[in-house]
């Protein structure tokens, strides 16, 4: 049954962002993204993984400029 | 200043899931994940990207079994 | 307790490769990678996902040359 | 020293972008990114891979809006 | 010729898992995944890369719960 | 209009490589990859992100051998 199949869906989500969030923020983020996947993509929570890649500012560039330099310029 | 830094934050999110969602589902999903990032990770929406990788069932395995075979066995 | 923690371990694996493998090859690959994770990283199969990203030759470069061109030159 | 460099030398690069570039564009892109890695990260080209993930507009959101909708609004 | 093409095949594999494996475990894991790619996907080992992303438990969520909290609850 | 669409293009690039580059090298790398995307893929710099994943040698295998061991063997 198509519906049954859809329910088995088991995605994972990778968040790439700067380091520095608290555990409390991550806790809320993981819960909210999981809810988003359940509400809008028909996922079941059981096999749903969310992984956060925390990247330092010196490893992130935008518009050709390191984030470190963006902060320093401010 | 923390506030200034938080404003510059510019993450992206990659969703790996089976193919088959409608555009309407994706529309809702992208909006909800973006809201999660704003609410819980202090992001500004402007530079926030969400990318969906849709994978066919024959390219996804769990517990050592292709998703295609999980469906066939049912 | 280490054993208890090891049991909860729930990784996923992404394989990036050229398109063109048969379902039978993928079936064997997913099983073998899962076994590798169980044998060498102490994982339990239940939450272990393997995702295959099949990429066309025109989207893959090595040594600065598109794979399409490598094949054509042969 | 070449030996020293070779030790440092095997990165890969993943480009996530919208679908629609020509093979000629990809050819130039792969070459230019490879040159960037050689010039600035001390890589040797031999084991340097560049993979392009082409994503359709309906699988890409920015600021909470699908790229499909951005185009339609224009 | 299929054989010729297969020889040029040059994939890479990314393993996302919790931090905490020993070097010995990683050594065995990398060897076993490489063997899996050779045996089942027709790859040659020369250009085959395996990268391990070690993620801390506070950056990994399942079923909407941080892995840190899962461990604490135990 | 193709031109209009091209302007909206907003890719991101992930570089996976061994740890150990200086900030100066990363600065140059981010700028050069951004230029490559502008010159060859018709991107505008504004929404172009480059993220560097620095991986330790004990988390990188080639040809089935950990990079740590390659260095030791030398």
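As written, the chain order gives the labels A, B, C, D, E and F, with residue 1 at the start of each chain.
One rule holds in what follows: contacts are C-beta pairs under 8 Å (C-beta built on N, C-alpha and C of every residue); 3 or more make two chains touch, one makes a residue touch a chain.
Owing to the predicted nature of the structure, the values given are computational and were not obtained by experimental measurement.
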I need the pair from E-F, A-B or B-F whose contacts repeat those of C-E. Over half of the residue-number contact pairs should coincide. A-B
Centroid from C-alpha atoms only, then distance chain A to chain E, rounded to Å. What do you get? 20
Do you know which chain B residues sit against two or more other chains? 10, 12, 14, 16, 26, 33, 35, 47, 49, 53, 60, 62
Looking at which chains touch, is this a line, ring, star, complete or other? other
Going by the touch rule stated at the top, which chains touch which? A-B, A-C, A-E, A-F, B-C, B-D, B-F, C-D, C-E, D-E, D-F, E-F
Could you pull out which chain E residues touch chain A in their complex? 16, 53, 55, 58-66, 68-69
What does chain F use to touch chain D in their complex? 4-5, 8-18, 20-21, 25-26, 28-29, 32-33, 35-37, 39-43, 47, 60, 62, 67, 70-71, 74
Touching chain F in the complex: which residues of chain E? 14, 23, 26-27, 30-31, 33-35, 45-54
Quick check on the complex: what are the chain D residues that touch chain E? 10, 12, 47, 49
